[in-house]
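In the two assemblies presented below, chain A is common to both, partnered first by chain B and then by chain C.
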Partner chain A sequence: MSSLPYARSVAQPAQPAPRRAQAALLDALFARGVKLLMVVLLVVGLALPLIAMLGKVVEVQNGLAGVWQFVSSSRFLWLLGNSVKVSLSTVALVVPLAYVFAYAMQRSWIPGKRLLRSISLLPLMAPSMLSAIALIYLFGNQGMLKSWFPDGIYGFSGILLGQAFYNFPMALMILVSALGLADARLYDASVSMGANHWKTFVNVTWPGTRYAVFAASCLVFTQTITNFGIPVVIGGDYQVLAMEAYKSVVGQQKFSEGALIGSILLVPALISFAVDAWMRRLRGSQVSSQAATYVAPRNRVRDTVLLLAAGAIALALLSLVLVAVGASLINFWPYDLSFSLRHYDFETSGGVGWLAYRNSLTLAGLTALIGTPIIFTCAYLMEKTRGGWFDGLLRLLCMLPMAVPGLVMGLGYVFFFNHPGNPLGGMYGGIALMVLCCVMRFLTPAQMTATTALRQLNDEIEAASLSLKVPLATTYWRVTVPICLPALLEVFRYLFVSSMTSVSALIFLYSPDTVLAAVAVLNLDDSGNVGAAAALASLILLTSALVSVALYLISRGLLVHTQHWRSARV
Partner chain B sequence: MASIPGHISTMPLSVQGIGKSFGNLSVLSDVSLEVAAGELVCLLGPSGCGKTTLLRIIAGLERQDAGRLLIGPRDISRAHPQERDYGILFQSYALFPNLTIEQNIGYGLSTRNLLRSQIRERVAQMLELVGLTASATKYPGQLSGGQQQRVGLARALAPSPSLLLLDEPMSALDAKVREHLRQELRSLQQQLGITTVMVTHDQDEAMVMADRIAVMNQGRIEQFDTPENIYRYPATPFVANFVGHANWLDYQSVSDGRVHLGPLSLQLDKAVAGGPGRLFCRPEVLRIDNQAQASNSVAAQVKHKLFMGNRYRLTVELEQLQGQPLVADISADLGAAPLDAERVWLTFPPHGMQAFPGGAV
Partner chain C sequence: MTKAWKTLAATVLSFGVISTVMADTELTVYTAMENEQLAGYKKAFEAKYPDIEIKWVRDSTGIITAKLLAEKDNPRADVIWGLYASSVALMGKEGMLEAYAPAGLDKIDAKFRDTRTPPLWVGNGVEATAICVNAAEAKKQNLPIPTSWEDLTKPVYQGKIVMPNPASSGTGYSAVNAWLQIMGEEKGWAFMDKLHANIGQYTHSGSKPCTQAAMGEYPIGISLDFRAVTLKRQGAPLEIVLPTEGLGLDINSVALIKGSKNLEAAKKLEDFAVSEQAFLLYQPNAAALARPEFNVKLAEMPEAYYDRLITVDFDKAGAQRAAVLEKWRARYDGKSEKK
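For the complex of A and B:
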């Protein structure tokens, strides 16, 4: 028999080695520490600002009567009417188009799917104002296609088209994943009973996707009604609530009015959030584990129609992007169409452009670098460890960012962190607070990505490592993180690009030194410097796209590199 | 013993009055089990009987609501999994896919105060023990199911635990591989003399591998005994039905060592006088002849005859007890007398029958 030092002899009683107790202690610290950190972040960076904003409403003059007076004023009703009208119109325009596009992606054999899909993601790579700027170049007072809009692009139609462009990818993502889940058995049954295409669609496809259509509609409505970047650029005299909230806080220092409008804008978001959660519970898991993956049969007529439709949509999206980028490279639209980089020196705009761009890079980089490990680790611990009521609280708080529009969050930050009594007030105007704001704002989708990846891992991996007396943190680092690296990179990408392009919350938080690129786009446009605004927006687009492509290549390279152990799943 | 690396400190495991509920659902109630040092005990039962929960409680992955657990003299009832001294092999093996076989096996050694060379030596020993030295630098995904299982076992055994837990270790394997690995795993366990608790729903597996089997049903242990006793002398009708095939005949009473079934009466070895109940016997204890035997012989009709390769499985019905078909196994050896008659004589050996007082099973 060999006699290794760690092998106990039969005679010795098995006493727990101190190292093992230490491992258990480390695990408890790791699990509770990260969860506690997340709760603190969510309370300070989300819950308290939200409460501060709601508290500000109380300060409206004359109390409840004042509130009533405000919401029953003809100006408020006019703004509300405008907001609702343009938001509903955007839903009516975007959701059917996105459905057709998603259908072409998931249920057809058309060529060039990857290219079409990539083009459809472009709107997410730039601030929302990019589309509005491009629309002005095309159909504005000096636009080359001005005649298409005899009544002018400024106003309802401009906002509608701009919002449609900006919201398309978000609606598309929901519908693509819904159409990706289909049970082939239902289609076989339908066809075997002699149903035609239309009947199969009505009886099988539509019931399977109508919740997603509703969810997408809610998302687009909420996004549109709370977005103010597009109305500021192209709204003209057609004013909306979100713009009013922004102006009353930033321009007129009417804080309580801003808070009141912010609270009102929270309502549709909360309602759609609650309805969505209720529906999810109602329908449970729609596709059973026995479901066979449905692959649509080839159909030349259908595929031709879908290719034309998806191609037209992609072309429209691409041309808006190209117009904005192209216009930024032209000397003086529409009088001198020669190539020029002069918009990129930002001299006429006081040189703020490059400072803002650097700040944005810093913000996006920090948000991704700090946010990714925190969000991913927290998602891991929520999936793989149990913490009783504390986990329930954390889960609830983690869903909250979904229900809070950026504008509302920004207002909350103003009221909470800018409050003279707040010891954290020193953070106001600094990059740290903006990082916190971005991590909180983009938390929920990032965490969902992480959770989806983590759920594919065997729970017994953690149990096995416990039995081997290895601390959870070690297994997380040595096993879970390497396996989940592609998902981790996706979270990183999402946080980076979202922070790079976001305006709505951050516009309330910057100081002259920390001005951000997306914010500067809005300011430049506001001061009539449309060329520079287009240039800066193009720069953001280019950066986001490059980072996305780079991360995609890294992720793919990683998959190839780790093929030897990924090929066969254990 | 030269081929066995490291000491295994064999320790008994004592499970005392364990209870567990999930919400309103009681999964285990008052489960007690004494596993002797070096013994292999199988927890056998249908799905949902609580056997996996019991194993997870022993592993510390679930916390019991009531009862105590001891490994040797040490109370581990409240200990964290890391403070307990066991190795576990999961149904899925739960190998780390991104680590090589070597790294997998050495995983539990890396956090101990060991020199790198000691770890390497121990890993090499374990690789040799499970016969995978050639695959040391491969990844789990490149191995077959049976090889992966051996890696999982080596990984669990590498830190020399005093208790080994096996969670349905064979269920992911093909039938042929399974049979071979059963014996391999068992002989390894016997060589190491490590106390082992194994969960399975496969009665053959339990029979072949276990020193003792704990048959579980609805959160309770119905019987805890050797495989032979479990099969031959089931303690409850549930055990009789769950393990092997059971024949049942309703009886009205037992008196003077005889059981009375309507017009019939049969001699029993062990019989406690009493009221109605059900008479149990295994298919292979029944004897089939063309003539009546000295005692306990009853005329019967053959209803079906199935050829099973090594034996015939006959379905017969007693002429005087219609509606209660019995199954009898007889040898299919060519030398054995062929039974073509439809009318046969069924003999019930007194030692092979057991009377369970009471009603339905």
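For the complex of A and C:
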């Protein structure tokens, strides 16, 4: 009699032990495996090409002295000042607007949210040439609203508006996802303690979203400072560092100088990385597993103000797009304003239009299909598992892509993958390399969106599943992915539309069979076919919009299933 | 979803498989010629050599030049066909070109080929630095039509002129180089000082000034001539001015890449590029050709074209480029007062 309970108490832990070990092993395999895959991708697709490019810095005339001479020259400091000024101005313009817009989306009862949100995504779907064309048609020397900018659009204001248009959706993406998750209990507490609207915002909303505001600011700043496409087209005499890199590489084939400027432009991203690491220690309020979804109460005054603000922003974005689409339907602007579809006949303007269009679709589809699971899973593992220095390395590598000017990255790919000794040389000119390049280029914003969503989930979910001995992969698949489905879809859409419109790095990578639509837009504009450029850009925009709608329809069913918890109060 | 997976699988598979070759030889040709022109050249060449297929890599001059130089250690191009001599000369300096005397070389005007024997590059067509004037805007803004470079320095044109920044664009440097050659060092810089006061914007693309003139953004653009011809054909109210002092120029050239695995096919292409058949194809696309007997007057182009072309020493222009650019940038590039 007495032996039985004894035997059982021994047998009891003995039986699950292998299973637990097995689960732990699986967890480790899952966590380490995905992280390792990501590191390999980042090393091959980012670090090594970057090193190959930065290796060119040593070819700067007079070595270190030459570098110092360049960096301390008054010209460089002037360019740096211009770059910082226009980038900070863009942050100051974009982030508050995006915050208000995101707030209107997530914390109000305004009508037409879906429409507003869709409009806000349009800039992402258009090649940057589209906004440049629109700005010139609107505010250029022949522009319809020329009087708005008496000093002309070319210069600081042109760059600022172009960058603001382009960066708005990216900042918004992060902020919407941050404002989307909030713990209703905190708001209830705040209200029951008699706090007014403003106090609640300062004490509850702001601490919960300040990380996202910081992340969005860093993103906008680094994207602006490294982008050369907008300044080259609409910058006039206002010169910035990224444009200097363009001049060195494309104008004078001085790769060493381009590489030097490229490496200087990495600095802001490294600073953001340091601050990010510091902020992670200050991690503020999160959504705990007992969180109830916060639904803002109705408030007519607040909603009216938010509707007006969001409506005005959406109208501004929409009008730029409509002007560009209009431009594609005009015979010869500004001298023959009759309606014409001739710009859509890509056969006469070179015939690469349709091939390029198909290639772009393939590239965008593959980038989104391959990139989304890798980026999202890796972001999850970086948040929920600890890997010591390895995580630090991964985090740093994930911050880098947004800091590398596309031109520098593209040349790095040429130097690295086209090196005679590189066993991966066969990928050169193929679509696989272009997919890799796109995943790398757009990694940072995608990863930030994923991280922002994941950071608001409390670790208790993992703790609970651990105590239930559920493998991490199962928890991820059955709990986290469904909860984060909106953010996951956002990442997918972002990767797709960005790859459709990307030019700067890919311009060096395509081969005769893999020409791309966005590159064709650039070339059409350059060869004076502004109408055809606007037409192809509009076509890209339309495609991305349709794909987004399709994605939305497909996902709606899934969302109804998985997002019940959001609306149901506990 | 299944379709997407199929595409994915197909693409993954295609990485490993060397693309199925229809012709025996695939010739990779790097070019900056207009897309519209490429199809005709390809068709004619492939009809003559059915076993060779042309694969174009086409982009703007700056990008193609940067790509060629970046690929220097492991060249992907077999031939360059239709890239400006100022760029091709850079490849020559880097030792990337295979010297070759194509059949019919003796008929090429000596001004429009590399001076070495055998030459590193041979010209097809010539493009001159000209002035694009928007006649409609000039009338509206009461601007006289200029006839010479010197005219452009008159105060009436203040803020009305655009030209390519020579630090960003080969066309821009081509213009600066021509001024220094025509006017001499001292007068050339004095001219540019005065011109600078009238410049509304320095663009980063060689063809943009003419495009901007066509759209009326700025009434006057300094650019290569053929873009003006194209834009006029599209309906732009442009007038092409060939300044009386002389025209700087660049030459669309053909050259072989050293180390090409398809050298024999590449040579056939260069032979073709300077053949009578090719020159007949070039006719509508250039006002002056490297074989002058094929020159026909383009309806869009004023008379007195060929006589005004100067002779450019591309090796010399390349050698002094860095010094000229440094001086140019110190004077005009940046920190410019808002006009």
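Please note the rule applied: the second predicted complex is superposed on the first by the 342 of 570 C-alpha atoms of A that agree within 3 Å, B and C clash if a C-alpha of one lies under 4 Å from a C-alpha of the other, contacts with A are read in each partner's own complex, and residues count from 1 in each chain.
By definition in this document, contacts are C-beta pairs under 8 Å (C-beta built on N, C-alpha and C of every residue); 3 or more make two chains touch, one makes a residue touch a chain.
Remember, it's a predicted structure, so these values are computed and weren't measured experimentally.
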Please work out whether A:K469 is in contact with chain B alone, chain C alone, both, or neither, and reply first, second, both or neither. first
One more residue to check, A:E460. First (chain B), second (chain C), both or neither? first
One more residue to check, A:A23. First (chain B), second (chain C), both or neither? first
Spot which of chain B and chain C makes contact with more residues of chain A, would you? C
First (chain B), second (chain C), both or neither touched by A:Q252: second
Output check: A:V479 vs chain B and chain C. Expected answer is one of first, second, both, neither. What do you get? first
Shared chain A footprint, chain B vs chain C, residue numbers none
As the complex stands, chain C meets chain A at residues 4, 7-8, 11-12, 14-15, 19, 28, 34-36, 38-39, 55-60, 62-63, 65-67, 69-71, 73-74, 76, 90, 136, 165-170, 201-202, 204-205, 207-208, 210-211, 214-218, 227, 230-231, 234-237, 321-322, 325, 333-336, 338
Footprint of chain A on chain B - complex, ascending: 1-2, 4-7, 9-11, 59-61, 71-74, 79-83, 85-88, 90-99, 107-108, 110-114, 118, 121-122, 125, 139-142, 148, 155-156, 159-160, 162, 165
Seen from chain A, its contact residues with chain B in the complex are 1-10, 12-17, 19-21, 23-24, 27, 458, 460-461, 463-471, 474-475, 478-479, 482-483, 562, 564-570
Which residues of chain A touch chain C in their complex? 75, 78-79, 136, 140-142, 151, 154, 232, 236-237, 239, 243, 246-247, 249-253, 255, 331-336, 348-352, 362, 365-366, 369-370, 411, 414-415, 418-420, 425-432, 507-508, 510-513, 519, 523, 526-530
